[in-house]
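Heads up, the next two complexes both have subunit A, just with different partners, subunit B and then subunit C.
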Partner chain A sequence: MATSSYTPMLDRGARGEVLAAIAVAVVTLLLMMVFGLLMRMEQAQVIALGPTWFYQLMTLHGAGMVGVAGLAGAAVMWHFLSQYVTLSMRIFVANLVLFLIGVVMVLVSVLGGQFQGGWTFLFPLPTHAMGIWRNGAAALFMGGLLVLGVGFVLLHLDVARALIVRYGSFARAMGWPQLFGHDDGNAPPPTVVAATMVTIVNLLGLVSGATILVMMIVNAYLPGFAIDALLAKNMIYFFGHVFINATIYMAVIAVYEVLPRYTQRPWKANKVFLAAWTASTAFVLFIYPHHLLMDFVMPKWMLIMGQVVGYLTTFPVLIVTAYGGLMIVYRSGIRWDVASTLLYVALFGWAAGAIPAFIDGTITVNYVMHNTLWVPGHFHTYLLLGMVTMVFGFMYYITRSGPAGGDCALDRLAAGIFVLSALAFTLSFLYSGKASIARRYAEHLPEWVPYNRVSAVFAAIVVAAVAVFVVRFLARLPIATRDITRPTLPRGVQA
Partner chain B sequence: MIHDTVWLISATLMGLLAVAFIFVHARSHERVNDYAPLQKRAYRLRTVLFWVLVFTLGPAMLYTLTDLPYGSAKAGASGGGVQVIEAVGHQWRWELDRTEVKAGEPVEFRVTSADVNHGFGIYDANLRLIAQTQAMPGYTNRLRHTFPAEGTYRVLCMEYCGLVHHNMIVEIKVVKP
Partner chain C sequence: MRPGAAACWAALLWLALALPPLRDALEGSMRMHMLVQMPLLAATGFIAVRALAATRRARVLQLSGGSVPLVLAAMLAASYWMLPRALDAALADPAAAVAKFITLPVLVGAPLALAWPRLGTVGRGFVWTNLASMLAVTGWLYVAAPVRVCNAYLASDQYEAGMWMVWLAVAILFGWLVGLFVGAAAPQSATPESTAVTSSAARDRHRLVRAP
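Right, the complex of A and B next:
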């Protein structure tokens, strides 16, 4: 075994375009969080928006959060991946511009056209509005998502090009020669492996999503162009599942890159790591039927596959990434600041959220918990306390003014409050799911209202803490572009 | 009830994970420079954890697959015939061809939709969700359930279907056989 060596050297600051993407993402995120808070307050009967506004906000909250997660995750990936391969900044900017165009289209369709068909645009609801909104609003919403999707396809194609130019093939970029042959210690770094996996799965997911969106837009104007509702559901959930999971796999790159710098220990792309990422690539593609467990007409083998793959998925998350994080932090002498704390907590959030998720993917459990608040309970755990927290950690990392950091007391207070309130908020969702409270209801039964009141309080605290993160990030943006001295990240080192 | 079990298992596992993260955080302040021995021990522990997960999650996964709600398996033991209810979801009401069934005898709900996707969720008198299936246009899902006790049950919509989704409720009376 060899030891790792670290040479302090200049670490590149973030590019302005990357910071612009992060800024757009987190400002939108904060707005979407406010929408989410309003929804919980409405269910708690603290305010009275009415169903029309509730479902419009619900549609915006869902579409906005998924888009924001994609944009922020892509920015984190781009920032670190560009250290290993040559990426096109023009394509990155094109994705950002298309994102903004798509967001405007979605906003106009919902706020101007009263579209409230849900972000999942489950066929045929978008074109079955019962007079609440027009076909044009539905087409604008779906067109907006399509524009967003095209941006991400361009981005991933560029990443694919860069990976193949540098490594020759996806197989080499995934470290297959080291995984299936002799591990010579020269496997690609974790960032490259993760980016390759995301590129493969997201391109497939986005093509599926774009295809069904185009089909539905055509159907909106030519109803004779019939679509099978079950096929549409399969395509939508395949796309949705892959895309939202890819956001986590992009954001976790921040953990792989930053925690080793803090702990001065390598995050090795060894055989176990490579096997986990190759397995995750397959799992992400084959797990989606767990969204269709209550569609009894689906082929039974697909539904069983959904459950089995759901259980298998927990292994890479728990045994490799979460455990790997614990390993390099244990007795490392790490200096805890807001960035390292949030990234560490984010690993917990991701792994913790995987637990209620795979349990919900058990068919017999899904039978009595599907589409209750258990579902937002688990995905808020691994998205809010996982993926989004990784982005917050990244924000604090790139706005550090030097090795000594630069966090103020307000940052530390906000981080502490955020972690505790986000945990309480997600647990309140899960506990509401235990009580069988249905999700996506503008008005809850009287027996359910107390749960919502508790949840709304924690949601409000989360929003306040995130507002601090966002304001502090925007205030310190100029720092983020500076090159500062940090220990380098060891690459390809056998330890 | 399965809901309580699921909550207990999830909370316990999440709690154990939290304890692991807190423990490592507490032991993170002092630095051991020679990482190799630590790594070696950690890899051994990881192998143990891997097999613990395999031997706990594996049987749990296989066991739960023996009790699937699909087909007639969920109906339970029945000597008599099956009571059939044709259920059609509409924006925003349920259309059932009968709303009274007998306790202790299997009921087959033939669930479909006349317009968009709905979710056919059966709640007991304590507002616990006890069974569900999707209502899809063009397809009929057969949900079999045996009501153990008489009483008034409610069907709520479990799939977002538009403006009055939250108010799509119908009652089913379960009477003595």
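Right, the complex of A and C next:
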């Protein structure tokens, strides 16, 4: 069996373009968080925006969060993957530019055109607005998503190119020779395996998404070209689930790369690790029917597949990553700073966030839970305490001024408050779901308001903590470009 | 295959497609017309250009302004022949039929053959993903059209052609992905180095080293 050792060397500084992408992502994230807070305050009856503004904010919040998760995840992946393969910076910048163009189109469609059909643009809602918004606004929104998608297609094609040049095929980049043959210890590093998986699933998802978006834009102006609503929903959720799932698989690369630097222990791409990522590649493509468990016209076998694959997909990568994280830290002498703490907490957030999905993915539970706040509880735990926390961890890691650190008391305080308030915020969603409070409603019954008020308080605290993260990141940007040893190394290890 | 032989095969294929028995058979149904005859006509142009000497291909490519304009030209010409009106014209008007037999090899197959080697993985991937997406959309348009769009073909034929396009789009995407999994080129460096950080940009970075 192969053994591994770790050679401590300098940590690579981030390229300006990567930092620009992260900066755009987190500033937009903060804005979207404010929109989310406003929604919770509306439901708590603290402010009175009215349903039009609520659904506009809900649409922006959803589309914006998915977009920034994709952009930030791609930036993290690009930063680390570029240490193993030669990626094109021009294409990375093209993705960033297309992202900004897409965001402007989405903003204009929502704020100018009053589009409020939700980020999932489920057919036929965008084109059946009953006079609330025009077809042009819906087409602009869907066109904006299309532009965003083209950018990500380009980015993933470049990643595919770089992987093929370096490893010869996706099969080798996924470590199949080591997985299905003799493990000679030469499997690709975890970053490469994860990037390959994300590239495969996202390319398929994005093609599906682009196809249905074009179909819906055609249908908006030529309604005679009818769309099968069930087919549209399948294609949208295939794209949507794959894309948002892929964001965490990109962001987890930060965990694979940074924690070994702190513990001076390698993250091994052994057979179990490779098998987990190969299994998840397949599962992620077949899990999306768990979003359609309430659609009684879906073929029964697909619903059963959605439940079974939903159970299966929760575990492989999550378990090898969470277990790997525990093992790599156990008795390593790691010194906890903000970056390592956030990255470690993110593993918990990912694991904890998967459990409500696991429960909701059970058909009988889904019938009563799916349209409640239980589901936002799941994806806020998974994304806020998991994916986004990984990005925050990366931000603190890359802006460290050296092994001695650079974290101040405010950083540590903000990190502690963020973790606790985010946990309380997500639990308030889950508890509201348990109390059968409906989701996607602008106006709530009086009995639901106390839950919303508690949630709004914690949401405000989360926003404040994240504002500290963002300001501190922007203030320390120049440090992020330097090649220096960043982690606080375990006792006895020379930097 | 020798370049001369390839050119002969391309010419023979083109002539065979132009002969009435095969032409009638292929133009008799919409799906054969769009998904067999037209791609084969484009293929004749592709094969003929590939038979040219590499220096001559490079010269033509340079004169054409590079690979991107050629791909755009090919996509534009191909898009035209997907229009129902163009299909009808090709069946009813001899001039349009001649135009089809000339433009598909010259404006679709030949530009693609010139541009393909220069496109690289990103360019080719973009062509394949775009083709799959657009083929699926066009297929859906034919399936969902509330009226018969071609005078020459029945609505049932139109539906059938649309479904074939959708399945072809799925097959293209699947085939392209399988191609990436199998891989055509050898890896850039020997696999024993694959775990280590080996890109030039990373030689002085943190390094994970695994010993056998």
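Following the convention adopted for this analysis, the second predicted complex is superposed on the first by the 475 of 495 C-alpha atoms of A that agree within 3 Å, B and C clash if a C-alpha of one lies under 4 Å from a C-alpha of the other, contacts with A are read in each partner's own complex, and residues count from 1 in each chain.
Methods note: a contact is a pair of C-beta atoms (placed from the backbone, for glycine too) under 8 Å apart; a residue touches a chain by one contact, two chains touch by 3 or more.
Note that the structure is predicted; figures quoted are calculated from it, not measured.
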Determine, under the contact definition given at the top, whether A:H182 touches first (subunit B), second (subunit C), both, or neither. neither
Which touches a greater number of subunit A residues, subunit B or subunit C? B
According to the stated criteria, A:A210 is in contact with first (subunit B), second (subunit C), both, or neither; which is it? second
For A:T86, decide between first (touching subunit B), second (touching subunit C), both and neither. second
Can A:M369 be said to touch subunit B (first), subunit C (second), both, or neither? first
When the two structures are overlaid on chain A, which partner does A:D158 contact: first (subunit B), second (subunit C), both, or neither? second
If you lay the two complexes on top of each other, which residues of subunit A touch subunit B in one and subunit C in the other? 3-4
Which stretch or stretches of subunit C touch subunit A in the complex? 120-122, 125-126, 129, 132-134, 136-137, 140-141, 144-147, 169, 173, 177, 180-183, 185-189, 191-195, 197-199, 201-202, 204-212
Partner subunit A, residues of subunit B touching it in the complex: 2-4, 6-7, 9-11, 13-14, 17-18, 20-21, 24-25, 27-32, 34-36, 38-39, 42, 46, 49-50, 53, 57-58, 61, 64-65, 67-70, 91, 115-117, 119, 121, 123, 127-134, 136-143, 156-167
In the complex, subunit A touches subunit B at residues 1, 3-4, 51-52, 55, 58, 116-118, 120, 122-125, 128-130, 132, 228-230, 233, 265, 272, 294-297, 300, 303-304, 307-308, 311, 314-315, 318-319, 322-323, 326-327, 329-334, 336, 344-345, 347-348, 351-352, 355-356, 359, 362-365, 367-372, 374, 427, 430-431, 434-436, 438, 440-445, 447-448, 495
Given the complex, residues on subunit A that touch subunit C span 2-12, 82-86, 88, 91, 153-154, 157-158, 160-161, 164-172, 177, 184-189, 200, 203-204, 206-207, 210-211, 214-215, 218, 224-227, 260-261, 266-269, 483
